[in-house]
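Below are two complexes that have subunit A in common, paired first with subunit B and then with subunit C.
Moving on, here comes the complex of A and B:
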């Protein structure tokens, strides 16, 4: 297997006359914690939407582990093991926290309608496994005490944790995190960063969009800077800090 | 008032089944379906057509008797037919509208147009009220209310259907997937759910339930081209009363509305004004919503 998990070529998306995304070529390497930064309106979330199937690109190709996913639906991409989160945290409001976890865990197995009506012994063991694993992850994230509360009762930060939890329960190979630290208090931000580092340590390839530059520079191995839909810089955090183009477009001079 | 209770229970179970169907569809698709009443009517009309002897049908179709007029088979086929219509509507109309990102209000207007269109087709086919070809039955006493054995069976069957829907939504994979798409279509997608399939399934099952509600309504009363439209307001009331988008709420809300409509006939000031019986139920709905805007079973959400 090649070292690249995601290959993007000539990916374009316009809204009206505005080019939201115009990425000529971008390859992401396995087990590398990569961050995308850039000013508001740089096309970061649109780029996420394009590679996760939530929007159709105008042109260009996206390969996930050498499989063309340019025209794939979001659910199909998720089943291939690339799971995303959302800028505005989403949870299943009217399910309990445990149900949220278990639902995300079992769907990819995709068992049939008839099977789900009659609970076979084999299913009960699978269900128990999923339940145990859900609790294990909830404990790690420190939300296990809320297992039987409805997700809508959680605070914003707890929802962020739940979102992370349900993203990893299926052992994804790739995680796309859309502003995992947005609106989170400093202590929790610290915790979430540690969780992200742990996940990267477990061999999950992570691509994240984040505005918290300090955090990005601290944990990323590679930083990609988008501006007006184009990649204007792509390097290590150290190089990005001193890149003149990036300072002008995004970081500002006080960062020097 | 006790004598009205039996009628109230019957109307309650019908409104309840229809409200759950409407609520499921709204929850999963965000479509307020004004054509729901016409799918209800279709269940009854198709059953009448398949089960009636030739002379009570339409002139130009009266030589067609494919099922030998068996009532129960007619009901089953009609309910399936309603599901088919729902599936066709989703596949050829509402899915393309959704993909084109047509707004909710525009879609709502489409359903109103669809409702008018279907209702007038039914009217052209047969505008006269007609009864199912079932023998007359004497009322009997069950516990403390009177009704015919057939109507009692409708009541029991309605309750069984409710229990089945509850079990289905809570315990089956596809039921859980419907709840997931209802909460967040995007999140369901990243959990590997093909939401298009779930929405198609929801249209089919909602329409089948509506058709069944129509058969119930026509068994108790009669078949009319506008029978669904006439109870649509009560169905909306039941859905809103229970809490929009909650299936259990719709069940209970529909039931309350149905009972109140009939029991209110027994109120002293209603004497001689039974045609205004819906007004009391709708007034109660408005009152409850003033004090509990989210409906009886709707939950307030934490804003964060």
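Moving on, here comes the complex of A and C:
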């Protein structure tokens, strides 16, 4: 098996005259914590939307574990084991934290109308299993005390944790994290970084978009810099820090 | 059963409304009350169906009248009836309960048919498409006169159902000076409500119900977690449409005739008003909402006479809508979640 989990070739997307994404070729390697950075409007989130199926690309191909997913629906891509989170946290506000977790853990088969109508014993067994699993993950993330509260009662940071927990409960092989640290206090950010490192340690391939450069440099093994939709640099954090193009496009503007 | 403040308040208001019927009518209270309770049962059932769409799944359906009409027309056309200007009598047909089953399933399939192109639309856009589809349905029914009887409607179909009328209903009707056919329809409506609520309680607490609520909360997150949100929404659309179809059949049998003018947008808005009154997302709410709503609609005469001396028809119609509007406004201010809705799950802020 090749070491690449995601291959992107010639991926393009424009909105009117603006080229939001124009990535010629990009391969992501298993077990290499990779981050995408870039100034605002660089196309990071659009790139995420394209590879996770939330937007259709104008042209180009995306392969997940050698399977062409360029035209796949988001749910189909998620079922292949690549789960994404969102820049603006999307939790199910008017459901309890536990329900949020259990919905994610539940399979399509378990959710079926007929099974629910018949109240099959097998469904009850599955429900108990995913309930235990949900509590396990919630404990790990330290949100188990909120299990029976509505998700909308959580703080912004706790919602980030819930979204993360929901994403990992089915043991995905790839996690796409869209700004996991946005709007989170420094202490919690530290915790989330540790969680991300732990997940990477467990063998989950992680690709994240993040604005917090210090955090990115600290935990990433590889950093990809996007500007105006194009990859302008792709290297180790050390090299990125000194890359002239990056400093001009991004880090330079940071200090202005 | 937990007895909450909101439950007590709702029951108090419902009993107060029924008491109003006795207060405002000097004689014939029982037939008036029974008439109201029949409509309350039928509309309540329709509101329960709408609650599957909106309360459970967050789908803004403004074409409920079409689902009700579809179920009603299919059922009535399958049993012996007389349709159109000439009133051509068709004496052959299916037994009532088989026709009813087909009617309800057809309404659900109509939901699927409408849903397939429309369900990907979000929020207000779905509302626009459903209201348009309902109008298309109504105009088609009006113009396909050779089948549906057009504006002349369909008559002479009640006996298919009434032949099953139970003896105790006749006894009850005659001892209370009531129309036995209507008592039977009322009886069937309230039985249907109980059965549908039992079914829905089972479903909403199940993993399937949980998935629908997740769709209601955030469709993108549902898709990102590997679930097909479109299919879940279609299922919800079909279930709610089926329930609406059942209530449409009961409505037709309550009138004894079926008219295209029954399934107009105002019917949809009445059902919406009942659902909002009762509590969006609450299982039992629409029942109480429906009773209170119908007392207001039915007793506006009396209330208008308290305000105007010698009220005329126009004034009464005005008072009726002022009252319903006022009630909904007061409710939105003081109990935006409706009588039985949960404050924490307040749903009237659709994305």
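Operating definition for what follows: the second predicted complex is superposed on the first by the 246 of 256 C-alpha atoms of A that agree within 3 Å, B and C clash if a C-alpha of one lies under 4 Å from a C-alpha of the other, contacts with A are read in each partner's own complex, and residues count from 1 in each chain.
Note that in this section a residue touches a chain if its C-beta (ideal position, glycine included) is under 8 Å from a C-beta of that chain, and two chains touch if they have at least 3 such contacts.
The model shown is predicted, which means the values in this text are computed figures rather than measured ones.
For the composite obtained by superposing both complexes on subunit A, the positions of subunit B and subunit C are in clash.
In the superposed model, A:78 lies in contact with both subunit B and subunit C.
Shared-chain residue A:104: touches subunit B and subunit C both. Look at A:127: by the touch rule set out above, it reaches subunit C but stays clear of subunit B.
Applying the stated contact rule after C-alpha superposition, one finds that A:94 touches each of subunit B and subunit C.
After overlaying the two complexes on the shared chain, residue contacts for A:156 are found with subunit B alone; subunit C is out of touch. Looking at the shared chain after the overlay, A:52 reaches both subunit B and subunit C. Judged by the touch definition given at the top, the superposed model places A:200 against neither subunit B nor subunit C. Residues 52, 54, 73-75, 78-79, 83-86, 90-95, 99, 103-104, 106, 108, 110-111, 113, 115-117, 150, 166-167, 170 of subunit A lie at the contact with subunit B in one complex and at the contact with subunit C in the other. Note for the complex: subunit A touches subunit B at residues 52-54, 73-76, 78-79, 83-86, 90-95, 99, 103-104, 106-108, 110-111, 113, 115-117, 150, 152-156, 159, 166-167, 170. The touching residues of subunit A, when paired with subunit C in their complex, are 52, 54, 73-75, 78-79, 83-86, 90-95, 99-100, 102-104, 106, 108, 110-113, 115-117, 119, 123, 127, 150, 163, 166-167, 170. The touching residues of subunit B, when paired with subunit A in their complex, are 171-174, 176-177, 179-180, 182-184, 186-196, 246, 299, 301-302, 304.
Across the complex, subunit C meets subunit A through its residues 199, 202-203, 206-211, 213-214, 216-218, 220-229, 232, 235, 344-347.
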